[in-house]
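Below is one structure, written out as structure tokens; the observations come after it.
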């Protein structure tokens, strides 16, 4: 399991908290109306940009950034070679009894077993990949939108505070603290965007690319099996999907 | 009906209003000349960038962001299977008597019934899709342009106010309130852009993409029918357009 | 004739002037050296980026944004059907005597009459379209460059003014007015960019796209005529270029 | 020879100098340590991003922006017609004795004379074009990088000056001049980027596009000659590369 | 070995240090909590966006920016000609005994020797290139992410400092130094981004492009050998990959 996102989030918040505590009390940095306008305002603007179901689906997607277990490409390649071997020796129908954990590979194998022509199988799987990626992008976009709007809502909050402060400058002593409060919304917006929403959006994009690479690998596997490709050649072809230092061949350049 | 945009807009404005009222009177934030330069100036700059008909068409388009009812893709797929069945059993001409609600699907079916060759039908529908998308983009672009210009007009208004204030600093007491008024235009610009124009532009882009996906699905349907594809295979192929959790097949990965 | 750009420009300047007059004398906002550095500096930087002939051609191009009369696509389609009819009944040579107002359509028809093979005609017209669009883009780019540089020159002017003010702060009374003058260049730069150069650049881009769509329509027409396409089918195909509410067919969705 | 870049640079610097002199002595604006951090720092950051040979080659490239003499496309077209004529009448070998000034055209003709098949010639010349353009882009990128980093180095310089000023505010009289000096680096950075590096980068991009268009024209010429195209048809085809007002045909639209 | 990056980094830091020392003590610019929030916070946000292995791999990648020795393209071309010669005269099997230093070229030659069909070899090598480039991009992206986040963390640090300062303005004398400290984080963020992370990211992108060009050259070599291309023709074709001034032919334009 990949803990980098969770770890990174905790450490980042720790550094920010440390900087706050090093300079005085944390109470200076808590202001409920400021929190409301930045968090509430940002979330409701994001709501405007998507449908309700996309919006609430984003939480499920965020979990993926924290706890996603990635598919092991080298394991997929090994299984591909095994399946190609079975198909070659015992025929396509023999694939039906194989246990396949990965659901996308399983779907592709089912299409082979059902006897659909290679062109159609390729078309169906390709369309599936591009539409799955498109749906994954919605999750990223929601966090990206949150990261884009949070600093803007922070600025709106600060402007509101400044206007109120400037209109009532009778007591010079209150100017400093009033401006401190006004700046808090800008700070909240910057933290929400830079330490939470944007990094998660970027992480989800990375996940999406990995998923795409894995599904392309599976697509190549299915095509190879249908063409009756030599299992050894197929494995060799698929190894291009691995980073060079994970390949078992002797060539270990970088 | 998708209420997320309307809901989001109301909640956002509520949060902003709340932040204003929490700090004093709302009257501090109302200034008619400031409103005029930001709203009037922004709208007239947008007018410069488009034709009159595009400009006034934008209102109709905006309504779509609030009240658009989306086409149900799974219903389209079901209908596609039914139509393919009819075409296969009773011939292409039998499609003429079918009731088809979706106008784009209807148009495609009419082209089949008229006996145009598959290549030409595909070409006509593809061109139709790309040009429809292009026209939809005009609506987005108008709101995007409004969202881009509003903060700039806000800054222009603030600069005008600052120059006037700086040139007349005889009464120190008036400096604060004058600057408060100068900042109002920046605030107006930020609210118009971030809480209204840009989210609506993004929502319209989302709508446009959904429309494109649905029309691609219909294009595949028409092609499949003309090629005399097996209805069951066609439905299977079209299911790739659905999110994985809405497919009726047994594979329910994500 | 499309008056939106001219109208928009006048109204925008009206709003800005209104905001200035509402707050005092317009004389506060006139400063010749500030005008010189923003306008002169911006124009000469734009000159650096282009050739002399492109630079002076930009004025002619700008007029197009204000007074361009667009080609009517539905008229073109009607004419296309008529020409296809003539070509079908009386042969390609009969097209020579047809009066064709649109110069690009005329050129295409001449190529047909001259008996060039369809592939070559398509290639020549396609190349013509892409190179014409490329040249049109130069006009846009000049106004885009002006819109990008004007705020930067405004900032340079303000920095110069600030340095001069800060170095001589003996008379506190002069600080305010000196800073007002320093801010003027920023204001000028923002107005030139946002209320003039950038909207015109965007308008020219829109024109360029319309031109491209029309020329693609003409290209399809010529290809259809050379292939001896049925005039009714050709018109149907070309109608995809029209917005859906302008098509005469019964399908009036949006 | 195209003098627009040189002319533009001189006029721009003149306007900036004028604004400085209009407000007082130029000595206020000269500060050697500020110059060092902005110029030295920016150049050394650019050095980090490229190799030494690319870095020093940039000077040669910059000269091109100032003094480049462009190839005359209409002359190339004329020569193309003449060469096609020779090839048609006297055979490909007769091209060997032709004097061809343009080195890229010369290279293409040599390949024809050597008897390479059209596919290979096209492939070689296409690859040559794309790789030449890629190398030209390095020059642009260096000036673009300089234009991106200069304002950032200016801001770093200003921050250093501000920190030093704020830490020693015992003498209120020194605050103004100290801040003036701190702002100088921001001014230097803005001038280097906006009045020098970025316009030159844009100019080089324009040059690169012209070069690409000319080489595409030559590629079409060579292909036409190898296909034994009619010289008159070839010239007609190549005229699409000319702006419409330079074509000798009767169609003079814009 | 290319020393530009290391050299540039040292000189840049020298200029910044010079500007600091010219204005007073360097101690004003050292503040441990400020360093912690900018460096620690930025690095942990970057950690959020990638996996642990990608994150720690970035150090290895950074070394490449400093010490990478580039492949010599003209040497590759020479070797390509030699290999094509061997293949032509002695057959494909004779290539097995050739010593080939470049691992990617070696892999391609092995595929030829193994007797895979040209299509498959091309597909395997192409996939290898695109996936290698994709992996190289991870390194760039990590430094790009660091360069994007560092100024944001600097701003967050400054906002925290400002809020603390504004809330406690009892002692006017402490305002200046407190603000100096608050600005330090912005300075740190700007230096980390502009003088370290972003230039390294750009340098790695350059490296990646060079690698891609070299691998494309090798791909062309393998294809040429498999097609039995004339060695002299192959070398001529490959020369397009060289800058024009490094080609041995007589055409030395630019």
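Think of it as A, B, C, D and E in the order they're written, each chain with its own count starting at 1.
The definition used in the following text is that a residue touches a chain if its C-beta (ideal position, glycine included) is under 8 Å from a C-beta of that chain, and two chains touch if they have at least 3 such contacts.
The structure displayed is predicted, hence computed values, not measured ones.
Asker: Which chains, if any, touch chain A and chain E both?
Answerer: Common neighbours, chain A/chain E: none found.
Asker: How many angstrom between the C-alpha centroids of chain D and chain A?
Answerer: Each chain reduced to its C-alpha mean, chain A and chain D end up 39 Å apart.
Asker: Using CA atom averages as chain centres, what separation in Å is found between chain D and chain E?
Answerer: Taking the mean C-alpha position of each chain, the two centres sit 24 Å apart.
Asker: Put in order round the ring, from chain D and then through chain E, what are the chains?
Answerer: Starting from chain D with chain E next, the chains run D, E, A, B, C.
Asker: Using the touch rule from the top, collect the residues of chain E that touch chain D in their complex.
Answerer: For this pair, the touching residues of chain E are 2-5, 7-9, 11-12, 15-16, 18-20, 22-24, 28-29, 70, 176-177, 179-180, 183-184, 186-187, 190-191, 193-195, 199-200, 202-203, 206, 209, 213, 233, 236-237, 240-241, 243-244, 249, 251-253.
Asker: Quick check: in the complex, which residue numbers of chain C touch chain D?
Answerer: Those residues of chain C that touch chain D are 33-34, 36-37, 40-41, 44-52, 55, 103-104, 106-107, 116, 120, 123-124, 127-128, 131-132, 134-135, 145, 149, 152-153, 155-157, 159-164, 166-169.
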